[in-house]
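Order as written gives the chain letters A, B, C, D and E; numbering starts at 1 within each chain.
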Amino acid sequence: MTLGRLWEKWGWGWLFIFVVGAVLEACVQSGAIKAAIVPPPTRVLETTWGLVVGGGLWGPVWHTASLLMVGWASACVCGAALGLAMGFNRRVYALFEVLVELIRPIPKPALVPPLMLLLGMGPGMEIAIVFLGAFFPVLIAAIQAAQGLDPVRLDAARTLRVGKWATIRHVIVPQSLPMVLSGMKISLALAIVLAVLAEMLTGTGGLGAMIVDLQRSFRAREMYAWVLVLAVFGCLLVYGFEWLERRLTFWQAEAQ
Amino acid sequence: MLSLQSLSMRYGNGQDAVQAVGDVTLDVREGEFLTIVGPSGCGKSTVLQMIAGLMQGTSGQVTMRGRPVQAPPEGLVYLFQQYSRSLFPWMNVRDNVMFGMGGQPGVDRRQAMQSCEEYLTLVGLEGMGDRFPWQLSGGMQQRVAIARALAASPQVLLLDEPFSAVDALTRAVLHDLVLDVWQKRGLTVVLVTHDVDEAVYLSDRIALLGPRPSRVAHVYDNPLPRPRDPVATRACPEFSRLRGELLAHLLGRQP
Amino acid sequence: MLSLQSLSMRYGNGQDAVQAVGDVTLDVREGEFLTIVGPSGCGKSTVLQMIAGLMQGTSGQVTMRGRPVQAPPEGLVYLFQQYSRSLFPWMNVRDNVMFGMGGQPGVDRRQAMQSCEEYLTLVGLEGMGDRFPWQLSGGMQQRVAIARALAASPQVLLLDEPFSAVDALTRAVLHDLVLDVWQKRGLTVVLVTHDVDEAVYLSDRIALLGPRPSRVAHVYDNPLPRPRDPVATRACPEFSRLRGELLAHLLGRQP
Amino acid sequence: QEKAKLRVSVIPIVDVAPLYAAQKQGYFAEEGLEVDTAPVSGGAAGIPGLVGGAYDFAFSNIVSLAQAVAQDLDVKIVAPGSDVRTEAPDIAGIFALADAGIKTGADLNGKTLAVNNRNNNIWLYAREWIEQTGGDVNKVTMREIPFPQMADAVRRKQVDAAMTVEPFFSTNVKDGTLVAVDFPYIKVQPGLNVAQYVATDDFIAKNPETVARFKRALKKGAEWVNANADQPAFAELIASYTKMQPELVQNLVLAPAPVSVSAESVQKTLDLMKKHGLLEAPMKASDLLYGDLND
Amino acid sequence: MKALAMWRSTAWTGWALVVGLCVLWQLSVVQGWVQSENWPALSAVLAKIWEGFVSGEWLSVFGPSIVRMLSGYALGCALGVMLGMLVANSRWAKRLLGTSIALLRPLPVPAIIPPLILLLGVDDALKITVIAFGVFFPVFMSAYAGVLAVDPVHKQVLRTFRIPGWIALFKVKLPTALPYIFSGMRISLSLALVLTVIAEMTAGNDGVGYYIVSMQYAMRAADMYAAVILLSLLGYVLNRLFVVLESRWLRWSRQLEERK
C-alpha cells in the first residue's frame, strides 16, 4: 500500500482524533476540566507508552483475549446454528422463541446470583457472561438471515434435490453469511464490553479488573491508559474481523 | 408420466388475488418433448413450478407416474427463468455445475469434475470453470444454469425459457445439445418458450396456453421427422405451416 | 452524437484478466436507431455500459456530442439486461416507473402519476400499478423496466436485450411502441439484441461484433423504408436478404 | 449567599441512618437546610459526582477517600459517618464453614478468603487481621465476591472463608453450618472511624456556614439514632430506605453512630494503607480533615 | 389472521418449554436440591409479583425505567441510523469519524461513567446518554452494513437515472438497509433494557435497577426475582411489539413469507 493510500484510509480519522485530543488537552491544561478526573491526553499517552515498553501490557490483554475467544466463539457457533434452525423450521422457532425472548432482556448483573450458584465466581462465570451477551445478536441475525433467503436460490437447491445437509452447507450458510457475520461483528463488540465487565465483577485479572482497580483508587491517568489499551485492542479485533468478513463474503464486494 | 388435472393457481387473497392459472389439464408422455407457449404473464412459469413440486396449486393436482407431486420429485430438475438469480454467487462456475451432482452418492469428486468439464464444453464454456457467475455475461450465466440442470442427470427436465439470453449461433448449438441429451438419455422434457420457431424445431407436441387465467387453448402435434436438422427441418413445408399456425394463434389472427 | 474511439475493456488483472472488448470504433448518428448484434459473451453489454458512463474503458474513449463520457450523461438512459434485478422490490410498479422521473424537478406528482399510467398502458400493463415486481411474470417485469426507461424521457436510449423475455405478440407490440417513441421524440437508440429478425425490423444500421475480444466486424446499412409495418416490412425481399446475411455471418457461414 | 439546598450522595446501608434521621426529624430544616439524598452503588459514582458538582456532600469510606486525596482530588472530611464497634460482635466479620476449622489467619494460609472488592476497607483490615493472627498475606488468595453471594460461595467451597457485613453476617451464621471466625476491625482497630461525609475544598471555601450547619444537624441525627436504636421508629427508618424487612432490622448488630472523627484513628488507617500498598507515600490525617472534628 | 392461526398451531410449545423450566425451578427448591438465600421458591416469587400488582408497586418501579429506556433507545437509534448511513455514504464522514467510532466501540459503560458524570451530572441526562451510547453501536454497525449491501445493479440504476444522492438515500439505500437496521434495532432493544438497569444500579433512587440492587442487599431474593421476571416479560412484550411494527414496515418482503 502506498503512503498516499494509507493516508487516504487512516490519515483523516487520526487527524480528527488528534484535533479532539488537542482541544481536550487545552481544556485540562487551562483548568477548565479537572485533571484528577480527566487527565490530559499527553500524560495518558505517556503512561500507555510506559505500559507498552515495560511489557506490563500483555498479561491483562492476554487474559481478556482468551476469555473473549472462548466466550465469543462458542456464542457464535451456538447462535448461528440455533438461529438458522429457528429461521427455517417453524417448530424449532415456536419452541425456543419464547424462552429466548424472555432471557434476552434480563440484565446480566441480575443473572449473577443464579449463575453464581451454578458456576461460582471464577472463569466459568466470566465465560457465561460473555457467552450470554454475545449469543443473542448472532442468534437474531441468523434468524433474520434465514428468513430473508432468496427463494429462487432455495428452490434451485430443492429442485436439484441435493439433500438437507448439502443445502445447508452450500446454499443456506453462504447466503446467510453476510448477515450472520454482521451479527457476529456486533456481538464481538458487545463481547469485548462484557468480557471487561465480567472481569470487573470477578476481579480475576484482565483489562477489566485492571481498569476497575484503578478507578476505585482514583488513579485516572493510569486508568485511561488502560482504557486506551482496551480501545486499541477492541479496535484491532473488530478490524481483524472485518478483514476476515470481507474475505468470507468476497462475492459481495467483487460483484460490485 | 406427468399428468396435470384441472390445475389452477390463485396468488394472494381477498381483493388482491390474481387467478394466474385457470384450469389446465395436460398429459406429458414418457420420453416426449413437450413445449408450452403462451402470452407473457399467462402462467407458464407457474404451471412449470407446480409440476416441479415447488408450489402447490390452489386446486387440481399434478401426478408423476401416478403419484401426486407435493415436493420436488426425484429425477426431476427445473431450470429457472431467472437464471441469473438461481446461480450461487459464492461458488465458481464449476462448483455451481457440480452442485447438482452432489446429491448423488457414489460419484467421486475427480469423476464429477471431469464430467462437469464436459458439460461446460457442451454449452460452450470450456475453461470457464474457475470464473464466478458475476464475471460472466448474461448469456453465459444462462448456459451455466443449463449445464447445471443437465449435470444433475434428470429423467424429467423442466426448462423455463432457457435460451432467452443467447445469440442465434449459441442457441442453435444448444438446441441440438438438448435434443441430443434428450434422445440419448430418454428424457422427458417440458419446455416453456415464447419463441415459436424454437418450439416447432424442438418438440413432439406443443401446448398453447390462452391468456390469464390460462387454459390449454390447443395442443398441436408436431409431425416433423426426427432427427431434426437446423437447416433441413426448417426447410420442410410442415415447419412453416406449423410455425405460421402457432404464430397466428398467438398474435390473435386466424391463420 | 455518440462516438466510440478504439474502445477496449479488460476485466480483472494479472493471470485472471479477460480482454472483453478488443477495439471498438463506432459512430452513432443523432436520431438514428442503431443495433448491435454479436455472439454471447462478446462484450455487447460491456460496450453499452461504457457508452452509458457506468464503466470506464481500459483504453479509448466515448464522447457524446464531442464531450468525453465519464459519468452517466444527462439525457441518456440505460436499460439493464438483468431487468429482474434492476427493479426495486420494495416499490410497487408505479413507484418503480415514476422513479426515473423523480430526478426532474418541477414535475408535480399528479401529473407524474398520470403519465406513469400512460406508459404502463403502452407496455400492456394497465392497472398493474399497485402490484409489486415479484408479483409479476418475467416478461411483465421486463416491460416494467422498459416503461421506467421511457418515462425518464431520455434523448438517448440504450437497450440491452429488452425483449428477451416476452412472447411474440407482446414483442411485436413493444417493437412498434419503441419505434413510435423513437420517431415522435427524435431519440437516438442503441439496441443490443441477439434476435436478428428484431435487429433488421427496427434499425437504421446494424453493427456486428466479432467474438471476444470483440471488434466491429461489419456495419450493415438497413435500406428498408420507414414507417415499418409488422407484416409489410417483413414481406420485403430486402428484409429476408439482410436477415439471411446477418444470420449467415453470425452462424459463421458464408451467405 | 450560601447554598441551602443540598444534595448528598449516600450508600443505602444502615450506616447512613443519622442522615436519614436528621432529615426525617427535621434537624436539617431547623438549620435552614433542604437535603436531598441520592443513593449510589459505591464510591465510583459518589466522589466523581462530588467533584463534578452533582453532589454537595458524599458519604465515603476512609480508604477510598484517602486514595482520592492521594490522587490530588481536593476533598475533605467534614463530618463523621459511621464507626465500627469496640467489642464483638461487630458489624463486619469473617465467617467460614463450621467444620472447616478456621480460627485464625494462620489457618487461612494456602486458602482463599472472599472480600467484596479488592483494595478497600474490608480488604485492608482482613489482610492486617491475617498478619496479626499469624497468617501470611502472600499465602492467602483474596477473591472478589459480592456480599449477597458470599454464603453460597462458602457453602459450595468455592472459597474457604469470607468477610462480610451486616445484615449478611448475622443471617449467614444463623443456621449453624456457617460460623463466625473473627471480627477483624475489632482485632485490628476497635472503634475505627470507617466512613465519613466529605465535600470539596471549593465548596467548603464558598459555604463554610452551610458546612457547619450540616455538621450540627447530622450530629443531632446521630444522637437520635443512638437514643432510639432499640425503638420501632428506628427499625422503620432503616426499613424505609434499605428496603429490609423490619424483622431483619431488629436482629441487626449495630454500632453506635459517631459524633466525632478521631485524627488518631484516621492516622492509623492511613498508616495501614501505606503498609499494605494502598498509598505510595505517607499521608497525614490532617490533610484529610476539615477543621477539628473531635467536638 | 394468519399470525393468529400460527399462534394457535405451534406457539404453545414455546410456552410449554418455559412452564416446564418453571416447574423444575419450583421443584429444585421444594425438594431441596438447591439451598441458598439467593434461590427462592418460584411460588414465593409469583406471590410477590401478584402482591406488587395489587399494591401498584410495579408501576412506580417500572414507570421511570421505561421512560428512561425509551428516551435513550430513541436517541441511540436515531443517531445510529443517521451516522451509520452517513458514514457508509460519505467518504468524508467515514474518513473523519470511522476511526473514532471504532475506538469508542469496545469501551465498557463503567469506564465512561466517571467522565460523563463531570459533563452530565448523575441524573436522567447521564442515564439516557449511557443507554443511547450502548444502543448506538449495534444500530450504527447494522445501518452501515445495510447500505453496503445495496445491490450493485441497483447502484447502476441510480447512476444511469442520475438520481440525486438524497433521493437515492431514502428510496433505495434506506429500504435495502432496513432489514439490517431492524436487526440491529432488535438487538439494541434488549440492550437498552439491560443498560437502563445497569445505569440505575449505579446511581439514583428509582427504577428497576435500583430496586433489584436494594432487594439484593436487603436480602429479599424473592422480590428481586419478581422484578427480574417482570423485566424479562417486559422485554418480551417490547420485542413482540417491535416485530409487529417491523413486519408492517417490511411489507415488500412478504413475498418471502408466502413462499414458505
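Heads up, the rule we're going with is that contacts are C-beta pairs under 8 Å (C-beta built on N, C-alpha and C of every residue); 3 or more make two chains touch, one makes a residue touch a chain.
Every value quoted in this text rests on a predicted model; they were computed, and no experiment measured them.
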(message) Using the touch rule stated at the top, which two chains are linked by the largest number of C-beta contacts?
(response) A-E
(request) For the sequence-identical pair chain B and chain C, determine the rotation angle of the Cα superposition and round it to the nearest 5 degrees. (result) 180
(message) Quick check for the class: compute each chain's Cα centroid; which one is farthest from the centroid of chain B?
(response) D
(request) For chain A and chain D, let me know how many angstrom lie between their CA-based centres, rounded off. (result) 37
(message) How many angstrom lie between the centres of chain C and chain E, each centre taken as the mean Cα position?
(response) 49
(message) For chain A versus chain E, what separation do you get between their C-alpha means, in angstrom?
(response) 17
(request) Could you tell me the distance, in whole angstrom, between the mean C-alpha positions of chain B and chain C? (result) 27
(request) Would you give the residues of chain B that are in contact with at least 2 other chains, written as numbers and ranges? (result) 82, 85
(request) Quick one: which residues in chain D touch 2 or more of the other chains? (result) 44, 48, 51-52, 146, 148-149, 152
(message) Using the touch definition from the top, which residues of chain E touch two or more other chains?
(response) 36, 38, 110, 114, 118, 201, 216, 253, 255
(request) Enumerate the contact residues on chain C facing chain B in the complex. (result) 11-12, 18, 37-41, 43-45, 81-82, 84-85, 135-140, 143, 161, 164-172, 194-196, 247, 250-252
(message) With touch defined as at the start, can you tell me which chain D residues reach chain E in the complex?
(response) 9, 12-13, 37-41, 44-45, 48-49, 51-55, 146-149, 151-152, 155, 167-168, 171, 242-245, 248
(message) So in the complex, the part of chain C that touches chain E is made up of which residues?
(response) 49, 52-54, 71-72, 74, 76-78, 80, 82, 85-86, 88-91, 99-100, 102-103, 132, 134-135, 152
(request) Could you pull out which chain A residues touch chain B in their complex? (result) 150, 152-153, 155-163, 166, 170-171, 174-175, 177, 249-252, 254-255
(request) Write out the stretch or stretches of chain A touching chain E in their complex. (result) 8, 10-14, 16-17, 20, 33-34, 37-38, 90-91, 93-99, 101-110, 113-114, 116-117, 136-137, 140-141, 144, 147-149, 151, 154, 178-179, 182-183, 185-186, 189-190, 192-194, 196-197, 200, 208, 211-212, 215, 220, 223, 227, 230-235, 237-239, 252, 255-256
